[in-house]
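Across the two complexes that follow, subunit A remains constant while its partner is subunit B and subsequently subunit C.
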Partner chain A sequence: MNIDIYVFVTLLVLGYVFGRLAEKKHFKSIIEREKKYKDLLTFSERLPPPGMNNTDAELVGGSVVISVDYFKRIVAGLRSIVGGRLTTYESLLERARREAILRMKEAAIDKGAIMVINVKLETSSITKGKGQQIGSVEVYAYGTALSPIAV
Partner chain B sequence: MLVTNIEIIPGKRVTTHLGMVQGNTVRSKHAGRDIMAGLKNIFGGELVGYTELLQESREEATARMVQQAKEIGANAVINVRYSTSSVTAGAAELFAYGTAVIIE
Partner chain C sequence: MKYENRTIPEGINVSEEHPLKEFFILALGLGAITILVVVMLSLAIGKLVHFIPFSVEQSLASSSFATDIADDVVLSKEQQRIEDYLQQLADELSVAQQLPNDMNIIVHYVDGDTVNAFATLGGNIIIYRGLIELLPHENALAMLLSHEIAHIKQRAPIVSLGRGVAVGLVLASLSGFGDSSVSQQLIGNVGLLTSLTFSRDQEEQADIEALQTLEKYYGHTAGAESLFEALSEGESALNPPKLLSTHPQTEDRLERVGRFNGSTIGAVSYKPLPAFLIKEEAFSR
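Presenting the complex of A and B:
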């Protein structure tokens, strides 16, 4: 009985400390890389802007699977009793989406692209823990990279 | 083979539409990855093993779609979409589909 409580509290503390550190670090790296790649524009437009006809088109994509930590899961579980915003999951999905877009941009830059159009984001939860709680989400970002044809 | 997710290929004209082509794959994770994922479920963070697994599967689904397009004589696939669904616990289906066309 007592051991159960110790294990629970330890997991909670570990989840809080490491989860928070990991999230901070991840957001820092996301912001840095977003600045680095800001010249590569991404659009959700379906068609290329006028005058962009002389380009090579290629499909690029980036994906990431991110897991929520123990502390956040417990907080979200408590929160869903009273309802309302689950901020802990909001930040998880935001991280995942921004990371997926950044990876797509990296793939586009590798191909020498100048813009990515028709960007689509797809989200799926792949693992579900006990009681159907979402453990981790996968986000896949894909689009068409346009790069100038080498003359 | 050109693959895009827009309806046109910039600067090229589509001469023939050959209909829809598709490719799918169902993958399951293995135990080793599952243990690591279990740990990550406590600490939070990226599940690198899963990211790789899904990326590989998606590439395979795309390759199968491209293969099908080649068999019917297409030289490009346009309007490609991806979709993911979980069939059973611990397995995911990756599905890619698009329109096979011949461009000049």
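Presenting the complex of A and C:
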């Protein structure tokens, strides 16, 4: 019984320290890269804006899988007893969404695109039905990249 | 219409609150609620258990494993003699302790080296040879038996069974709400600590009741301390920390005996153990 407590505390501390470091580092990188790709406009609009007729359209996508750390999982487990915002999971999904859009943008830039329209996000938990496992989440962002027709 | 991507401010989807703060508030809050529920349940069961007739406890005992250990062994003639002697002493002490008429004590002697004795469901008391061998005189043995009889009288075995079942049920359903197995572990440990503290209370009460019984039976309580000295002698491992141990620390128990002995006037004589018990000891060593 006592060994269980030590294992639990060790995992909790490991999860907190590494999870927190990874999250800080990731957010820093996300904010930097969002500034870098600021000029590539992305919209959820289905049709291109007026005046964007002379372009090639191509599907681009970016996906990311992020794992929950032990600490986040415990806090969420405790939170789910009393209810409320699962803040530890909120930041996880925020990271995943923004990272997926960034990867999609990178794919679009590689194709020489100037705009991505009809952007959609898909989220799925990839450890569904395995209650005892640490969960991870996949976010997939995809859209239609518009690039000027090379003449 | 102008098409543009404005920079979205940070902190809309992500809470700025420190995650450790949330963790401690949740863990301490839920821990406190769990302890409160467990304590209240334990208290309620301690009260309600007296409505269970002793005969029901006896029928429960027939299916419990502890008495099986003792009953499966066929005693030799010599061992039967010891068991009869222990039974007779227990019966006399039960009278001195004013055990209710519907309760009766059944002593089981186990020919094992384990330094232990315990009371279990249905008035069954199990005593190991290992412990008897360490006792210097009958007064110490009587202290041991009175202590176990006091447990039967306070219905300690059925109380702890009832608590175990009820507390286990509550914790199981509580941890079922959370989706992690580890919060279950956390909650389980809280439950264990609480239930141990309670049974230590029962131990202290049993010590006091046993000392009163000795006072009535021998006219004094001298010699009772020999039991605790023997027990701590038999304890090979180091003392567990106070919060985690079921029995009170030996020093605490000796101090309690000392308080009782204070009333004893003049020198007292100890009643020796019967010869066949000492002979048995010589054989086995």
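Going forward, the second predicted complex is superposed on the first by the 144 of 151 C-alpha atoms of A that agree within 3 Å, B and C clash if a C-alpha of one lies under 4 Å from a C-alpha of the other, contacts with A are read in each partner's own complex, and residues count from 1 in each chain.
Keep this in mind: a contact is a pair of C-beta atoms (placed from the backbone, for glycine too) under 8 Å apart; a residue touches a chain by one contact, two chains touch by 3 or more.
A quick note: this is a predicted structure, and the numbers were derived from the prediction, not measured.
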Taking subunit A as the common reference for superposition, should the pair subunit B and subunit C be classed as clashing or as fitting?
fit
Answer with first, second, both or neither: which of subunit B and subunit C does A:Thr55 touch in the superposed model?
first
Of subunit B and subunit C, which one contacts the greater number of residues in subunit A?
B
Where does A:Met104 make contact in the superposed view: on subunit B (first), on subunit C (second), on both, or on neither?
neither
Using the superposition on chain A described above, determine whether A:Ala141 touches subunit B (first), subunit C (second), both, or neither.
neither
Does the superposition put A:Leu41 against subunit B (first), subunit C (second), both, or neither?
second
Touch test for A:Leu78: subunit B only (first), subunit C only (second), both, or neither?
second
Vertex subunit A, Cα centroids of subunit B and subunit C as endpoints: angle rounded to a multiple of 10 degrees is 110
According to the stated criteria, A:Ser124 is in contact with first (subunit B), second (subunit C), both, or neither; which is it?
first
Thinking of the overlay built on chain A, is A:Val116 touched by subunit B (first), by subunit C (second), by both, or by neither?
neither
Which value, in Å, gives the least CA distance between subunit B and subunit C in the superposed three-chain arrangement?
12
Subunit A positions within both the subunit B interface and the subunit C interface are 11, 70, 72-73
Hey, which residues of subunit A end up touching subunit C in the complex?
1, 4-5, 8, 11, 16, 20, 31, 34, 38, 41-43, 49, 70-82, 85, 87-88, 90-91, 93-94, 131-132
Contact residues on subunit B for subunit A in the complex?
2-11, 37, 40-47, 50-51, 54-55, 58, 62, 80-86, 89-90, 92
As the complex stands, subunit C meets subunit A at residues 1, 3-5, 7, 10, 13-15, 17, 19-20, 22-23, 26-27, 29-30, 174, 177-183, 185-186, 189, 192
Which bits of subunit A are touching subunit B when the two form their complex?
11, 14-15, 18-19, 22-23, 26, 46-48, 52-59, 61, 63-70, 72-73, 99, 117-118, 120, 122, 124-129, 135-136, 138, 140, 142-144, 146, 149
